[in-house]
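Okay, so here's the structure we're looking at.
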Amino acid sequence: MREIESLPLNQTQKLRLEKALDQLDFLSAGANSNACVTVADTILVDHQDGLLKGHGTTDFDGELVATVCGVVERVNKLVYVRSLRARYKPEIGDIIVGRVIEVAPKRWRLEINFTQDAVLMLSSMTLHDGIQRRQTADDELNMRSIFVENDVICAEVRGFQHDGSLHLQARSQKYGKLEKGQLLTVPPYLVKRRKQHFHYLEKYNIDLIVGCNGFIWIGEHVETKDDMVEDQVTESEQQNASEDTHTPVEIRDKICRAANAVRVLCTLGFNITADVIMEIIELSNRIDIHDMLGAEFCVLVAESEVDRRRSSTKKK
Amino acid sequence: MVGLSIGEKHFIEGGIAQNLRTDGRKRLVYRPIQIETGVIPQANGSARVRMGGTEVIASVKAELGRPSSLQPDKGKVFINVDCSPTAAPIFEGRGGEELSSELSGALQICLLGGKSGAGAGIDLSSLSIVGGKICWDLYIDGLVVSADGNLLDALGAAIKAALSNTAIPKVNVAAGASSDEQPEVDISDEEFLQFDTSAVPVIITLTKVGREYIVDATPEEESHMDSAISISVNRQRNLCGLTKRGSAGLDPSVILDMVSVGKHVSEELMNKLDSEIAAAEAREEE
Amino acid sequence: MEFVSPEGLRLDGRRPMEMRQLRAEIGIVSKADGSASFEMGNTKVIAAVYGPREVQNRSQQLNDQALVRCEYTMANFSTGDRRRKPKGDRRSTEISLVIRQTMEACIMTHLMPRSQIDIFVQVLQADGGTRSACINAATLALADAGIPMSDIVTSCSAGYLNSTPLLDLNYVEDSAGGPDVTVGILPRSTKVTLLQMDSKLPMDIFENVMQLATEGCKAVANYVHEVLLEKTKQLDKHRGV
Amino acid sequence: MSAVNVSGDMSSEMEIDAFRRLFPLRFFERHLLESIRPDARPLGKSRDTTLALGAVASADGSALVKIGCTTMLAAVKMEVMTPTTESPDEGCIAIEFHMPPICSPMVRPGRPSEVAPVVSKKLSDTILSSGMINLKDLCLVSGKAAWMAYLDVYCLDADGALFDTALLSAVAAFSHLKIPVVSLNDDGRVVVSEETEGQKLDNEPVNKDKRKLKLSSIPFSLTCILHKNYILADPTAEEESVMDTLLTVVLDSSCQLVSLYKPGGTFLAYDAAVQDCLALTRQRVKELKRILTEAISDMELD
Amino acid sequence: MAGKDNATPSTYSPSPKILKKKRAPVFTDVDWVRPDGRGFHQCRPAYLRTGAVNSASGSAYIEIGNTKVIVSVFGPRESKKAMMYSDIGRLNCNVSYTTFATPTRGQVSDCKEISARLHKALEGAIILDTFPKTTVDVFALVLESGGSDLPVVISCASLALADAGIMLYDLISSVSVSCLGKNIVIDPVSEEESYQEGGLMITSMASRNEITQLAITGEWSTPKLNEAMEVCLAACFKLGEAMRACLKESASASQE
């Protein structure tokens, strides 16, 4: 995604953007502005009893030193550096969106923006019939009828295996293949872990899945179906798909607006949540969708972000 | 090549059919184009062009050479493109060669005109210094730094901008050399000649998806194409070159229709590029 | 040839101990995990880091650490005389190796076992000191990719012409045939990780020149640190809480 | 003998083609017992040989030769060079044999076949050592200019006896060679004189009477396979791959021995075998001489 | 023995082309005559033959004027190198020239570029999913280059593919035209090609009325482009018919 520096701003827009960003500076000041460190910076700590060195730190001649750029966080005795731009760091229970890159024996391998491919075992899947049972050789042969290469799917982080590989699970009807929509990738630090990562934006009839790994899915809303009828539905859907049943224009309009909202937020480096996306969609109502990626709208979003953060600090 | 699932492909195709692409663009709309000139001071001319996430650099270097025996009164132009591994890991090692040579070939077809030089963006006779003896050899090098679709159009625009930015030293030929000797020349380091770039065409790639054509395709859209046609069009709205990509066959009438759509788009793009180049040159002067 | 005028000025108007203008920018390649451009005067390079990601060639996978790879390429237009060099010539292979080994020394590879990190450096303009510029750009790109490092590495060169130690040689000075010392240091410990010199030089002068190059490295380190800190602060603030 | 019987039994049960692929040696030996080869030739007979001169218009001399399926295209191009100081009155011949990927499934682009350089070397040695061409005939202006004759032989279809075919095509191409009439221009370079419309030439041609090369003692060759007691003349590629002892005999037109070549192999060449091969080659030389003469006279008629 | 020297001395061709001081022949008049006396829209006589190379799975030889091309097809055979799994077949093309193909010895054109363009022209016509995991190799050798080389190579390759029994959507025929002055001439010879102001090459699947490859150089107005495409397509169609006839003939010959 583009950086702020490469936006074609005119003089006034430049000033307005600078002002907005300055205000953001001001709003966040005091919180932890001095806690930013870069690689090889010393982290000031009292070397009192039992200090726990966390992620992004190392010992150097008795001093605690950062190994990544980021923000120093202290939780009780634990001191760690919360890195900003970096690959995804999985935690158990995270909801992620990924892309299948290989169908292997009894498993699928997925790209999820982690240091390795993630593994989804066939045995960690709820199969079509929805019954918990042992997988048979038949199931193994039919793996390609579930997911094939390049499919986008949603799953949950199950944990690391002994061999260090990351395993996923999809034991729920809410997980599975995502269709009729678009996938966006953003740096994972822009996504905060929350209770809710699946969003059904009823107003626009679209689904929004904000994966913890920075993969964001925006698509037509799909009802989570009853287990028994699902098979028939998917069959008839596939038939439909071969005909010209495209996403209705009104829904597509909203999907594209939501997607561009994510793109703008990513350009500005703002935190990405469903609420903010909805706000931006509203903000964009009067303009053409593609103009959302222009300089003017970008400045508008920055200004509205200032208002939003200001009001949220006041509430506190 | 970007891997897309069937669902995503279908979504993209639907959007193109409905004239609403995934980033909100209409079919014949380009992403914002940004141009910077003079980015490689060591070259005689250079430019950087950004289109969406695509970034390319073009440079023009002029060297003294000997004209070919077939065309003694003309200079020579060489176009070459490299894909930097910084743009994508698959370009590592020899991985970028296939794409590089495809792009180089397409640019040669689009910019160099016929064998006699008709329709060429650069008037080759303006490169001649002493007929049959000395001429300028122009080396045009393109480099793909970041790849986000529509590389050919971006390279075409970058080369156009680089040529506008090019200044070639004035050459004084020592008089009195006999006919069969190589005359001595003196290259001025103060006086420079600017190129006439009014004839340089713009390159427009039309990607056919389903029944419709789009311009400035993203990698996702490109991965979905049946076939694409790149045309170069000059100010007079004449076709100066055409190449077809993709293996699927096209009906001749469809090709002619794509050409006419491309010509229509070319005018707007030409104006856009000209004003961006002028603005970039003005910035560089500052 | 006179490389230092009687007034003590070099061909490009610098003083012997003066470094060229440094300029760095982070995040210039949209699809890379980390990227940066680094300029030392007219020498201009970009670096892009991909990974840590799944090892592409499984036979190369290392079970206790990350696989670090590096490729150095020069643009056709990067040098004064345009020469079409075949990819992977001996010089490029050598520099690729030097950069890889230098960066590997500070990447904490044991934290990312079974993964692969690719560093691609592309020279846009070569005007002396490309090696140093590449290492500095690679450092920035790795930090931008959030890859844990025990320290940053910075590099600078110095030479000895007209009986004067000169910092940060440009192309003309570099090709004068005099001694040219390229140094890479870990600024925190001021340990030298890279030292390359390819001509004879008396020991005492060598120490002088090396000292000068090391000072240069420290100056680069300060600049790099500043750029990184600025970027980190910016990212954090924009993101909000 | 029992082994042959066993395989004989099997062969009756198996499809012939499958048998040929699985047990190629037994397949051939079964044929040899009957003194016949799979393509219905007697052991000592060469395949049909055809020769066409002047196949390449852009060359100064050329020939297309087919022996069985093996096809070779040879062409000579004349260029001018400055003779060496040691031999100022001599020209030069550069001979190269190419196996482009079209000729055989074994050759792939970028990986030259290992056979090609061997044949190339043998061809060059044979032609130069036979003394077929007097290098002095290639002189234009003593010490200043001489001809360099580039002979390139392309194998278009490889089905055994590559050297024999290459040599025949090379010899034929030289027979067809018509040296261009040249003269010295003002710059001292040699250029082709154009004899258009009876115009008077600017400069006197330097080689008016040397338009054709005189070929003396032309070499011809025959390759035979030695297998056990059998001698198979003019082997196909399949035969060469199954039975690996080859013997190539080169004789000149007056049946003088030019060279003998036996690159290893399982079987030793006994005197008697060599004598038999020589006899076969003598016969073959007569045949080839006739084919070449006919082709030349046909060409002259045209 | 001077002839044995491996280090070949530098040589030059005495051929007049190089030093010819004459200006380019005038093609701009309306009533000039083509070097070989053909009509503007008349193709050179073509000789087509399949089965030229016995050791190949399929092969063809085409001679159009002085342009002579041989193409061998090998396979489908096992893919070389450890290539990734693919459920469709691969096509591998290589074009090379003999050293005597051009008037000046060893004046090699850019074979890589030509190979790539051959590949692009063919891949749309081959039903690749009929030979998964395997490769079809198409190797071409230009014996003599007499102009319009690439179109002849493409047509010849298509004939060879058909001869090899590779499944095709349609035969591919390719023809080029040159624009010289006011005139559009079809199937240009080398001399015409080197002076052309514009060139247009069409590769088509004639019976499906589809163009698989198209390359245009030089400046073209719309009416001229329309005319050139029309002329070219008509010639492609005719060449396609000739290729079909050639295949039928060889098929019936082999049946007897």
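By letter and in written order, the chains are A, B, C, D and E; residue numbering begins at 1 in each of them.
Heads up, the rule we're going with is that a contact is a pair of C-beta atoms (placed from the backbone, for glycine too) under 8 Å apart; a residue touches a chain by one contact, two chains touch by 3 or more.
Here's who's who by UniProt: A = S1 domain-containing protein; B = Ribosomal RNA-processing protein 42; C = Exosome complex component RRP41-like; D = Ribosomal RNA-processing protein 43.
Every value quoted in this text rests on a predicted model; they were computed, and no experiment measured them.
Chemist: Give me the fewest steps it takes to get from subunit C to subunit E if each step has to go to a chain it touches.
Modeler: 2
Chemist: Give me the step distance from subunit B to subunit C, shortest route via touching chains only.
Modeler: The least step count works out to 1.
Chemist: Higher C-beta contact count, A-B or B-E?
Modeler: B-E
Chemist: Which chain is in the middle, if each chain's centre is the mean of its C-alpha atoms?
Modeler: When every chain is reduced to its C-alpha mean, the one closest to the whole-protein mean is B.
Chemist: From the mean C-alpha coordinate of subunit B to that of subunit E, what's the distance rounded to whole Å?
Modeler: Using C-alpha averages as centres, the distance is 27 Å.
Chemist: When the C-alpha atoms of subunit B and subunit D are each averaged to a single point, how far apart are the two points in Å?
Modeler: 50
Chemist: Give, as an integer number of Å, the spacing between the C-alpha centres of subunit D and subunit C.
Modeler: Going by mean C-alpha positions, subunit C sits 60 Å from subunit D.
Chemist: On a C-alpha centroid basis, what's the spacing between subunit A (S1 domain-containing protein) and subunit C, in Å?
Modeler: Centres of subunit A (S1 domain-containing protein) and subunit C (C-alpha means) sit 34 Å apart.
Chemist: Can you list every residue of subunit E that touches 2 or more other chains, as numbers and ranges?
Modeler: Those would be 19.
Chemist: Which residue numbers or ranges of subunit C touch two or more of the other chains?
Modeler: Within subunit C, the residues that touch at least two other chains are 28, 30.
Chemist: Hey, what residues on subunit A (S1 domain-containing protein) touch two or more of the other chains?
Modeler: Counting only residues that touch two or more other chains, subunit A (S1 domain-containing protein) contributes 1-2.
Chemist: Can you identify all of the chain pairs that touch?
Modeler: Pairs of chains that touch one another: A-B, A-C, B-C, B-E, D-E.
Chemist: Please give the residue numbers of subunit E that touch subunit D in the complex, ascending.
Modeler: Residue list for subunit E touching subunit D: 1-5, 8-16, 19, 52-56, 59, 66, 68, 70-72, 74, 77, 80, 94, 96, 98-103, 105, 137, 139-141, 143-146.
Chemist: Would you tell me which residues of subunit A (S1 domain-containing protein) are touching subunit B in their complex?
Modeler: 1-2, 6, 8, 99, 101, 149-152, 177-183, 219, 241, 244, 246-247, 249, 252-253, 256-257, 259-260, 263, 288-294
Chemist: Any idea which subunit B residues touch subunit C in the complex?
Modeler: Counting only subunit B, the residues touching subunit C are 39-43, 46, 53, 55, 57, 59, 61, 63, 80, 82, 84-89, 92-94, 139, 141, 143, 145-148.
Chemist: Considering only the defined contacts, which subunit B positions touch subunit A (S1 domain-containing protein) in the complex?
Modeler: Going through subunit B, the ones touching subunit A (S1 domain-containing protein) are 3-8, 10-15, 17-18, 20-26, 29, 31-32, 34, 50, 52-53.
Chemist: Could you please specify the touching residues of subunit A (S1 domain-containing protein) with respect to subunit C in the complex?
Modeler: Residues 1-3, 5, 21, 24-25, 27-28, 31-33, 36-41, 56, 58, 60, 65, 67-71, 83-87, 111, 115-117, 164-165, 189-190, 268-271, 305, 309 of subunit A (S1 domain-containing protein) touch subunit C in their complex.
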